[in-house]
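Below are two complexes that have chain A in common, paired first with chain B and then with chain C.
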Partner chain A sequence: MDYKTIELNLCQLEESFAKSRSNIYSDFRKEEHFQELYALFQKIKENDYQKFDEQEILNHNYLLNVIFKSLEYLDNSTLNVTPYEIISCLEFALNDWIKDDDFIIVTSLSNKKTDFYLETTLSEESFELLNQFINNKYGLKISKKLIQISLPKILSRDYLSSVVLYHELGHFVDNQLNISKKMLLKKYSINQPNDDETSRYLNHTMEYFADLFAAQYVNNSSNTYLGYIAPEHPDSQTHPATRSRINVSLDFLNSKSIEIVDEFNKLLHLSSLPLLEIRHSKIDISYCNLTKLYPQNFEDVSELHYIFQLGWDIWEDAENNFLKEFSSRQRYNIVNNLIEKSISNYVVQKNWEDANE
Partner chain B sequence: MWFRKTGKTQMNSNSKTGLLIKDEILDLLEKKELIIEPLLEIDQVGEITVDLRIGTDFLSLQQGRNAFIDTTTNNIKSRPIKSHYTQTRRKIGEYFLFHPNQPVLFSTLEYLKLPPNIYADLNLRSSFGRLGLGLSTIIQPGYCGCASVEITNRGNTPIRVLSGTRMVQIRFYKLDSNSEYFNKVRKYTCQVRPVPSKANEDSELVKLKSMKSK
Partner chain C sequence: MYLAQVIKNDDVKSDFYINIFEDIVKNHDSSFKVLVDDAILEAINVAKGTADIYSINNNRYFLVTTLLERFKFRLTELNSSQNIPDEVYPEILNLLK
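And now, the complex of A and B:
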């Protein structure tokens, strides 16, 4: 790698910024983040990068790739594109675990139907190192950290499948708070996996945590969807078997004592972190508004999270309930629309009340 | 209970037909027979109307490469009517511009569900009508969903409004019998975002075309 790599990246980034600068963000934090990235880009461009030594080239190549990735997500996070309602729910959940305004949830839309994933994010330590580097070199700072979640473009308004995003947020919380890595340290006395067994253990622990994280909020709906898209998947190096994952979540939801949850909670307690616990309130389907074809009202945010389970329960029984006279397409759309409006009404009313204070 | 009736009338909502007045509207809201949610301020309910707010989703009609919008054909080879619109969203409190002569569809912020014996019509609040904006929409008895409102700026000056503004007034009329909204297939059910015209999905189009060769 030599300075031409930096030049190539800068030329391509120029094009990327030319496109992204026309974005209008409803969230001012995204606009600020964009401006910080642009200031950094300008400084690098103005620098005499042809004289960079090997280490500086490596560092700047890394920096430029961080900027590329951030722009990709910012481009897909304007209000016209991002699934605003589901992101609002995720922000409520995040707030239970990380009381910090320094994160922005951003999304990227993929053309692949099952592309739900959390982009590998910088650890707390790496983020600080990055900021130290750009502060020393250019006197600049990146204030906020992006939580980068990818989801399929065609499902960006599909609230039934969006429950998977709670699972992905669970991965972020795990990564940020080093929960699964602490489990690895506890069990094998190592910080990083060093063979197939420890790698498998870490991967499976991360998946179980993300599943349990989601189950806290959306009950069993994340696993319900998993059952449709990955039925009977066997145990693999990266993921536990689908059946095992569903059983762990069900046991957790039924308050059964299970080893993995107990182990997580012991560690969370020792680390003075929130515990894995039920963080949703059930709404009785017999009395809910959705069955009368209008949006659900929520007493509080714990009921809000339950809307996804309610939606799944109604859709799965659509042949027998109030939806039976509608076509299958209408049934699916009605459930999705009512979930969207229920969330939207809650957020609007909350913001309205906050504005009155 | 935030539904406060005026006490001016003791009207029983089953007692008469015609335009509903404030106490009758409040009575129906309280009994959940009429749904208007979110109703951010109770003073949106006036003497004979309820103020509705501009929602967050808009569809603007744009001129594209096609010479016309084809309402006569609906197959995989024809461009959908939807493709003639540009979709955009705003948060409550953000600006939206109504450009001259550009039809815009938006959903009201409020989700409505009407009883089977009440229909409604929508008009602009006079403050906006005076700016050259125009609309006319009727809502069937039993309808549920956000109202999809078509507005055109008939003046020659763009008009800027805030999403969430009270822009529309709805009036309710009681019928002397029920009308079953779902006794036929409905193209618009529980919509929460504006939906483009479905004129090309009219079931009579095939019949009309077949008459041409007779």
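And now, the complex of A and C:
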């Protein structure tokens, strides 16, 4: 790799910035982040990059890739595109774990139906190292970190499948707090997997943590959807068997003592972090507004998270409940609209109250 | 997939730490020396069993765990209550390279 790589990256980025400059965001922090990236890009461009040594070329190549990836997600997180309601729920959950206003959740919409994933995000350590480098070299810093979540375009307002995003947020929290990696280190005395066994152990630990993270908020609904898209999937190198995943989450939800939850909580306690625990409040379906086709009111955020379980319960029982006279397409739209309106009402009201405090 | 290999985060962390250690070795001081010293001391404590792996600080997780994995024997010879000897920095730099 030589300076021509940097030159090509800069030319491509110039095009990318030109296309993104007219983006309108609902969140001013995204606009600020965009401006910071642009200022950094300008500084790199003005620098005498032809004289960079090998290490500087490597570092700048990485830096330019970070800018590229950030722009990709910002482009998909504009006012009319971003799935505001589900992002608000994820922000509430994130706030339980990482008390930091330095994160912005951004989404990228994929054309593939199963593309729910979290783009590898900069760890706290990488972010600090990167900023130290930027500050030393250019006297600038990137103040916010992006949480980059990819989801299928056609499902961006499908609140039944959105439960997957709580699982994805769990991966982000795990990655930031090195939870599964610490368990790998403790068990095998290595900080990265080095063979099939350790790779499988790390992957499975990460999946269990993300499942449990989701179950804290959305009860069993993440499992229900897993049963739809991966029924009876066996153990693989990357994921535990669907049956094992569902059983672990169910045991957790039923407050049964299970080894992996106990180990996670031991680690979380020693790291002075919040523990895995039930973070939702159940709403009795017989008395909920949704059955009267009204949006649901929530006492607090813990009830808000339960809306996904409520939506799934109504969808699963649609042949027998108040939706039985509707077609399946109508049922699907009604459930999604009711969930969306319920979340939207709560978030608008909460923002209003917070602004007037 | 066109790309056979993507940039690994850990490679990048290693690259940035190489910069910092080169600076320390060359100038015997660096604005990051405190950060690096804290990480080495934390690694010494974990290596000697006086701190738990689970309590490792996330801000310097990669550096501490790299030292634990690849520098553990040397860590046990060091004293966490004294300053880090100067010869340790080039040793770690070689390790990262």
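Heads up, the rule we're going with is that the second predicted complex is superposed on the first by the 357 of 357 C-alpha atoms of A that agree within 3 Å, B and C clash if a C-alpha of one lies under 4 Å from a C-alpha of the other, contacts with A are read in each partner's own complex, and residues count from 1 in each chain.
In this text, a contact is a pair of C-beta atoms (placed from the backbone, for glycine too) under 8 Å apart; a residue touches a chain by one contact, two chains touch by 3 or more.
On a predicted model such as this, the values are computed, not experimentally measured, just so you know.
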- Query: Superposed on chain A, are chain B and chain C clashing or fitting side by side?
  - Reply: fit
- Specify the partner with more touching residues on chain A, choosing between chain B and chain C. C
- Kindly classify A:Asn65 by the partners it touches after superposition: chain B alone (first), chain C alone (second), both, or neither? second
- Query: Regarding the shared-chain residue A:Gln132, is it in contact with chain B (first), chain C (second), both, or neither?
  - Reply: second
- Query: Just chain B (first), just chain C (second), both, or neither: which does A:Tyr294 touch?
  - Reply: first
- Message: In the overlaid three-chain picture, which partner chain does A:Lys341 touch, first (chain B) or second (chain C), both, or neither?
- Response: first
- Message: Can you report the least C-alpha distance between chain B and chain C in the superposed arrangement, rounded to whole Å?
- Response: 34
- Task: Mind listing the chain A positions that touch chain B in their complex?
- Result: 26, 79-80, 84, 292-295, 297, 325-327, 330, 333-334, 337-338, 340-341, 344-345, 348-349, 351-352
- Residue positions on chain A within touch of chain C in the complex are 55, 58-59, 61-62, 65, 120, 122-126, 128-130, 132-133, 176-178, 181-182, 185-186, 189-192, 266-267, 270-271
- Message: Which stretch or stretches of chain B touch chain A in the complex?
- Response: 35, 37-38, 40, 56, 87-92, 94, 109, 111, 113, 144-146, 182, 185, 189-193
- Task: Would you mind writing out the residues of chain C in touch with chain A in their complex?
- Result: 7, 9-10, 12-13, 15-20, 32, 52-56, 58-63, 65-66, 68-69
